[in-house]
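Shown below is the structure under consideration.
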């Protein structure tokens, strides 16, 4: 690593508050996880997204942290959309046979409550599977159980590249 | 900084490809910029978002990098939404008097083309300013000029906290 | 009634097919019902909309007929939207106290299957009731049970005019 | 025509106010026009929709009348959606070659101002023409020039039936 960059990181870290130290450590850990897992992406490691398919729905939980917040310390609406699109995409992946994939064609999100608390969970379910289009629903809950966003999204089915 | 974490970062970096080294450096630089600028956010520094209000529209450009891509190396649809929501929010901020702010109530994005190329630019314009709701339009262009996403979003006007 | 118009109606009717006769009779009956019921509207009488609030949802059924179809004899997408907006509006009316009313601020419909069969039923349910905005969901079913459209819509709460 | 129905229509008409007489005449004229024009639909005749393709956009104007209003004498949001879907559909028809048609897959409308005045005009323009999906924009203006609704809608391209 470039010596200078490393030194700067060290210096910035040593002067940071405890909260900021935690955030910096989270970002460095995201880099480390990504380098160890080729199939992952920086974005999912930064978000610390944990997903699973269960009972016909796809569920992703991410911890809340300063990394995903806007300057008012509310989770950025775009990150909520990222969580939703990822959960819907995870659902669609599970529903399609191996030779098919799908791309998001449209997504609409209604924001219902501020994104606060310790974590956000999106649950994606199927609305309709057509020949060419799959329509899904996503609901995002805070850890206090409050529904904070509701979304619908469409995916266009394509052949999977090998 | 915890010695162990720093050593791991050093090790991972030294074994990384040139492209990965660049990505890791970008993330560390984002951390450094955020620590130097209290009014910024990790997210906007990670996205390297550069915004400006000009000629009644708000414009944000972000470079494309592996950080914002899905596992197929296409810009994640949620990041496109983040770019759009940020540009619309920037526009709304410019249009409101000092004692008012606004929160996103709904956002709809149509994805028109894959997010590839060297950068993405979102241009947000006003559709309607009502007493309580502001409706905006966002268009995202790739650096080759292709329109890759179109969006409309609504913002609810609130009193600004001091 | 202007003699001429009446004579033309008579003539057109006598030359019409049995199916067309039925449609013409339906339209005349809608006029008659509207004149007898001041609180109704031409549109709801033309659609023959029958609504009710039950178990926390609002439900409207309309018969399918040539009156609401496009030139391909599929129910017009705008009529499906009319059915949805009416059912959502009926739900919102039930949920608000007497001194409040609400206006639609946005509506998004996903069309999932062709509007065919003998009738369409929309079921509107609550997604979230906020201080100023109410977000609702609408599902439209054909009489064969097929989900033909899914929608979400937002309503802004206002004071009811006396 | 069944004598009884005709007599009732006559009676209701003779007792109606001048405004109601005008509305009843409009509905009867819609029936007459539909019977004379096989390619038309009851709905477009009831709305008195006049459309044209000019300068790469499609434009439809409809007169405002009690027929399309809700019980508060505002144009029903579903009729606005019908106008928009019709104009978008007209645009798509013009843009496609003879062997193709298209069906609406999703429509989102933002309602910006009450539907009042003497007429409504929707102007539909192209946002993007992809291989399988066409995305369009619709703007509805009142006769006083006020933008009353903004919409985006997607159409899936199919083979035209002969």
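Lettered A, B, C and D in written order, each chain numbered from 1.
Convention: contacts are C-beta pairs under 8 Å (C-beta built on N, C-alpha and C of every residue); 3 or more make two chains touch, one makes a residue touch a chain.
From a predicted model like this one, the values you see are computed outputs, not experimental measurements.
Chain pairs A-C and A-B differ in how many C-beta pairs they share in contact, with the greater number at A-B. A repeat of the C-D interface exists among A-D, B-D or A-B; more than half of the contact pairs are identical by residue number at A-B. Centre-to-centre separation between subunit A and subunit C, using Cα means, comes to 39 Å. Measuring from the averaged C-alpha position of subunit A to that of subunit B gives a distance of 15 Å.
Residue positions 105-106, 108, 110, 154 of subunit C are each in touch with at least two other chains. Within the complex, the subunit B residues that touch subunit D are 108, 110, 112-113, 127-128, 130, 135, 137, 147, 150, 152, 154. Against subunit A, in their complex, subunit D makes its touches with residues 105-106, 108, 132-133, 154, 156.
Per the touch definition, subunit D reaches subunit C in the complex via residues 1-2, 5-6, 8-10, 12-16, 20, 23-25, 27-32, 35, 39-43, 46, 66-71, 76-79, 81-86, 103-111, 114.
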